[in-house]
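So, here's a batch of structures to check.
The two complexes that follow have chain A in common; it is paired with chain B in the first and with chain C in the second.
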Partner chain A sequence: MNTVTLTIKNQPGLFLEADSISPDTLAGKKTDEITSLPVYIGREEHRLGDFFEVSGNAGATAADTKIIVKGDLSRVKYIGMKMTAGEVVVNGNADMYVGAWMAGGRITVNGNVDAFAGTGMRGGEIIINGNAGNYLGSAYRGDWRGMSGGKITVKGDAGSDLGTFMNGGEIIVGGNVDVHVATHAEGGKIIIKGNAKSRLGGQMVEGEIYVFGDIDVMMPGFAYREDVELEVDGTKGLFALYEGDLGERHRKRKGQMIYGKLYQLIRP
Partner chain B sequence: MTEYLIKNGFVFDPVLGIRGDVADVAMKDGKIVETNAVKNPKVIDATGRTVMAGGVDIHAHVAGPKVNIGRNFRPEDKLFNTRPGRGVERMQGGFSVPTTIRTGYNYARMGYTTVMEAAMPPLYARHTHEEMRDTPIIDQGAFPVFGNNWFVLEYLKNNEIENAAAYIAWLLRATKGYAIKVVNPGGTEAWGWGLNCENVHDPVPYFDITPAQIVKGLIEANEYLGLPHSMHIHANNLGNPGNYTTTLDTFKISEGIKPKGRFGRDQVMHHTHVQFHSYGGDSWGNMESRADSIMDYVNSHDNITIDMGQVTLDETTTMTADGPFEHHLTELNHLKWANSDVELETAAGVVPYLYSPNIKVCAIQWCIGLELALLAKDPMRVFITTDHPNAGPFIRYPRVIKWLMCQEAREQQLDAFKHKDKVIDATHIAGIDRELDLYEIAQMTRAGSAKALGLSDIYGGLAPGLMADVAVFDFNPNEPYVPDDIENAFSNAEHLFKAGVHVINNHEIASNGNKRTLWVDAKVNENPQVMRDVKEKFLRYYTVTLNNYEVSGHHYVPNPYVIEVDATQ
Partner chain C sequence: MTKTITDVICPFCGTLCDDLEVVVSKDGKKLLEVYNACAIGAEKFLHSQAEDRLTRPRMRQEDGSWKEISYDEAIEYTAKILTDAKKPLMYGWSSTNCEAQGVGSEIGEYVGAVMDNTATVCHGTSLIAVQDIGIPSCTLGEVKNRADRIVFWGCNPAHAHPRHMSRYSIYPRGFFTGKGHTGRKMVVVDPRVTDTARIADVHLQIEQGRDYELLDALRVAFKGEQLPDVVAGIPKEKIIEVADTLKSGRFVIIFFGMGVTQSLGKNHNIDAAIAVTRDLNEYTKAAIMPMRGHYNVTGSGQVWGWQFGFPFAVDLSRGFARYNPGETTSNDLLRRGEVDAVFVLGSDPGAHFPFSSVKKIYDLPSVAVEPHETPTTEVCKVHVPVAFVGVEVGGCAYRMDNVPIETRKVVDAPEGMMTDEEFLTRVLARVKEIKGI
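Entry: the complex of A and B
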């Protein structure tokens, strides 16, 4: 695997839209070609090399390409957008839309990410070793096609509205989350190892939410069913199962009504 | 103004009866002229290319409040689909609900120069006109909706045709409207009571009038006034299996009524997006095409015109003043829904929809639309539309033309359907080998639609005296071609002239044109009763005053084209 290293040298005055930073775009390109890839500030087009020091050549394919991005990337959006293979390592904090619409490969962020990471994600893996912003693994504004596959792991906390319109894949949050979890979800799995606030599973049709810590306010549309013994991401324990959102339409499968499931850890 | 001469193209013009002969087209002062009338013209070499008049779209939803609801609640429609301004071209965005700017440009790129907005809620006429004003190049008019309007329901219940006509004349002037549009007559109003009108004899609650009475009364009022266009209807029971009987019942209301007026149209009813109204069966499981029954009727009755409403198998945004239908649709597909009730007048809904080739019903719908056009005996009375954006975005017209012209292209699509065999069993398309020619396409997209709109004296042909709306397509009908060549050529006009202005030059937008808004000023005898009713209803029920209702002044209609009608005798 070939490695391309991008080190930010000039901070953009506004925000840089850099969906070029993806193994799929870089594949088959030499250092100087990568330097001249387009990036945007609003409607102005610039070159990647105007903001980044580029070293190394990409592999022949996305799968053979690893990108290491270094420095303060808190004004750089769309890192790894739509990537299908290969690897991206971000050593710093990144702005919005990291790994949005990603279909394969792996992104590791050694820092925090802002909102909309993993928007509409279909496959692959995102590992965030810091905190994630709002709308992690959600749908784009207005869209009903949220995360449908792949896995997102956050070491720290996540913001509000994670997994909105989720219908597949898995999100694991090591810390706490803000309000609105799996709103409108029709599938997928969200594991919250810390505490949750409120509005978990609003208008949820199908899917699973696991909470290891406290839930400040439970949605009135969820009803307690039973206690179940489970092993969730390596943690064994007794969970209380709630089903909902009872105010929403639900499918039947083999004569059984399918509900969204919310499990809260009672004791390990 | 520059004179132009388009030389040596293959010309297709039903108005002059030219069927692909090599001919020249001359333009001067915004009009088509005899070729010897230009002295020092700029010459466009159209050798080996197709030349037609500018296209005329009789039915599309391209401006107004429900289109804007679609834009507002579908930001994802613009995702990765925007283009910054460049040269004279302004910033553009959107697919099924494009910005006004993109709407104008995309029509121009297809060689279209006139487009009718098919449903304008009178109360929001100001908004509709502001959007049309901001749509470059193309001439436009808008049809106010009348089929659920309280004034109309009350007058027609008592069979007061003269009063209904006076109200219509007043409203056309107040809203700068073009024609009488009827959407789910009575049904949208019934929805205010949680009901609908599912057939033409299903009474409207409170008003105690039937859809059949509304339709007949509006046809009579239309002919009393002698308006350029006929009554333009989206009938009851849209989109339901078995609804073709409702459509035939609606058609029959026009029987025995003849057109009046000086505009040269032959029909008294235009039934729009007939694809959505041609379903047999009694459930989604056994839904089948009844396009044959529908076209048997249309072919044998001269006083009806229709348009297709062709499903294009895209992700799109449905929107109609048939409020109950949109609610029904959101219950079916569980996607987001917006509704807009318009006081005494109408109620629209908006729901996104995915026409998937893997879903049997969508594939059957695709077949039905094409069958309507392929079974048409008179292409001057059957027009190409997608009911934009309901059955698909208008930018797919070139693809529809490809399907109509090439059986090979239709077979490719049939083969791509997941339930091909079931679809073929439920439709007639596999047994139809007709391939339309470019002359018939020109009838269905230009000459026929212009005539049905009562605009054959300005649009739809290349006869001297008509507006200089001319399109040149990079397509040689005498050379071998593959189906996609048709779609590519008609998606991307090489040259387009609008009123003699060279708006597309060598496939690039070269000018934003000088678009006009068409509206109809119908003069009627003074009618104190109707004017008293208008004042009273505004005082009692409307949330706005008359002064805030009427469309007036340069701001809304900066470049009007007024068609005057005298119905005072």
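Entry: the complex of A and C
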């Protein structure tokens, strides 16, 4: 695997749209070709090299390409957008849309990410070693097909609107989350190891939510069913199972109504 | 001698009343009296006659004072800041006609602007919900003639849309609502005892920020599933009673306002309210409608929906339309420092945006096109006073139910004043010149 290192040298006055920073775009390109890839500030087109120090050549394919991005990237959007293979390592904080519409490969962020990370994700893996913003692993505006595959792991906290319209894949949040988790979800799995606030599983059709900590306000559409022994991401314990959202439409399987499932840890 | 003009349209709120009578002087230069309007609407007409009204553009000087400039100079400044900027914000658009909105959109396309209207701090969240799950709606005429179950959720028409209840929703006698308000059941959901709540048959005094939970509880109640004893501070029995009241109606209409669109959850609250409406259609006829504020905020959504495919927060900077509230909405752009020039027309962000956003407007090259002196004109570098749309110039406006209504000119603007459309047309021509198009 060949490694390309991008070190930010000039901060954009406004925000930089750098959807070029993806193994798929870099694949097969030499240092000078990578330097002249387009990036955008508002309506102006610039070269990647105007803002980043580029070193190394990319591999022949996306799968053979690893990108290391260094420095303060809190004004850089779209890192790893639509990538299908390869690896991206971000050493710093990144702005919006990290790994949006990602289909494969792996992104590791050693810092925080802003909103819309993993939007409409289809496959691959995102590891965020800091906190994530709002709309992590959610659907794009107006799309009723949200995250459908892949895995997102956040060490710290996540914001609101986690996994909206999710219908596959897995999100693990090590810390706390804000309101609205798995709204409109039709599948997928969300594990919250810290506390949750309110509106978990609102309008949820199907899928699973696991909460290890407290839930401030339970949705009225979720009803307690039973206690179950489970092992969730390495933690064994007794969980209370709630089913819902009772107000929402649901499918039947073998004559049995299928609900969204919300498990809350009672004791490890 | 005076003359009376009838059937005048009121350019204040989204109710867009069309039965005003205005008395003007014989030469049509002075507006003397306004009949049938609410206090706010009448004031809007009468304010155009203010003695101290500004009639020429002005530019802020280094020492903070204003200097009068010509419209030509204002046009030059506006065209220059828009073409110099990498990503200008063109905000407002709700208190002007669709014709001006159309010209403004063309400027936005040439300069790669982000176009946003007042929905961004108002009913934009409703528009997000509509895009997510659709909307079963109707016109206000249908409400007047058919609705017998009226819900006001998080809105206070007694003060914000003063003639809404008398013209459409509660009091009028229509084809199938011959008994007027006695044949209607009125439900108000509001944490405060507002003047609207005082006249309701049922007032659900909900806990602040628990609208989503209560809406969900209604859906559970419709289906006859089990509910917790208390939801959002409302006992289970009361929720079931209201659910039954709604189900038993012939035509249910839910009106909603800022209390749900801009409180916790925002678009999700509306999403759930639309789901409630959809569920009710299993039992009876039901519709839902946002109580739009500015008289033509609906129109700017219509114009942009038609031109760009999105009703607000449209980012044109890359040459194609993008839309993602949270990123392309005015307050996010301003607070994050994503824009480098601000153009405001027909709105007052200075009064309604958070201080952190207003401060950014103050720091940037900025123009406010606005007949009044407002907090926005105070923070902008150039203020361009224009004629009042709906008073001194006509043009198309859309009512809250998306019905287009042609507003009327009733009186002349002061000598030499431009309209929004004239000003924008000149700016557009200058922008094209600068860009060599």
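Everything that follows uses one rule, which is that the second predicted complex is superposed on the first by the 268 of 268 C-alpha atoms of A that agree within 3 Å, B and C clash if a C-alpha of one lies under 4 Å from a C-alpha of the other, contacts with A are read in each partner's own complex, and residues count from 1 in each chain.
The criterion applied here is as follows: a residue touches a chain if its C-beta (ideal position, glycine included) is under 8 Å from a C-beta of that chain, and two chains touch if they have at least 3 such contacts.
Keep in mind it's a predicted model, so treat the numbers as computed, not measured.
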Partner with the higher number of touched chain A residues, chain C or chain B: C
Partner chain(s) touched by A:Asn167 [first = chain B, second = chain C, both, neither]: neither
Touched partner set for A:Asn131, first chain B, second chain C, both or neither: neither
First, second, both or neither for A:Gly142, with chain B first and chain C second: both
Touching partner for A:Arg199 - first (chain B), second (chain C), both, neither: second
Chain B versus chain C as contact partner of A:Ser22, first or second or both or neither: neither
Partner chain(s) touched by A:Arg43 [first = chain B, second = chain C, both, neither]: both
Partner chain in contact with A:Gly247 - chain B first, chain C second, else both or neither: second
Set of chain A residues, in rising order, touched by both chain B and chain C: 43, 140-142, 144
Residues of chain A touching chain C in the complex: 13-15, 17, 40-44, 96, 115-116, 134-135, 140-142, 144, 179-180, 183-184, 198-199, 202-203, 217-221, 223, 245-248
Contacting residues of chain B [partner chain A, same complex]: 73-77, 79, 84, 334-336, 352
Chain C - residues contacting chain A, complex: 85-87, 111-112, 128, 131-132, 210, 212-214, 216-220, 222-223, 225-228, 231, 264-265, 268, 271-272, 275, 279, 317-319, 323-327, 336-340
Residues of chain A touching chain B in the complex: 43, 140-144, 249
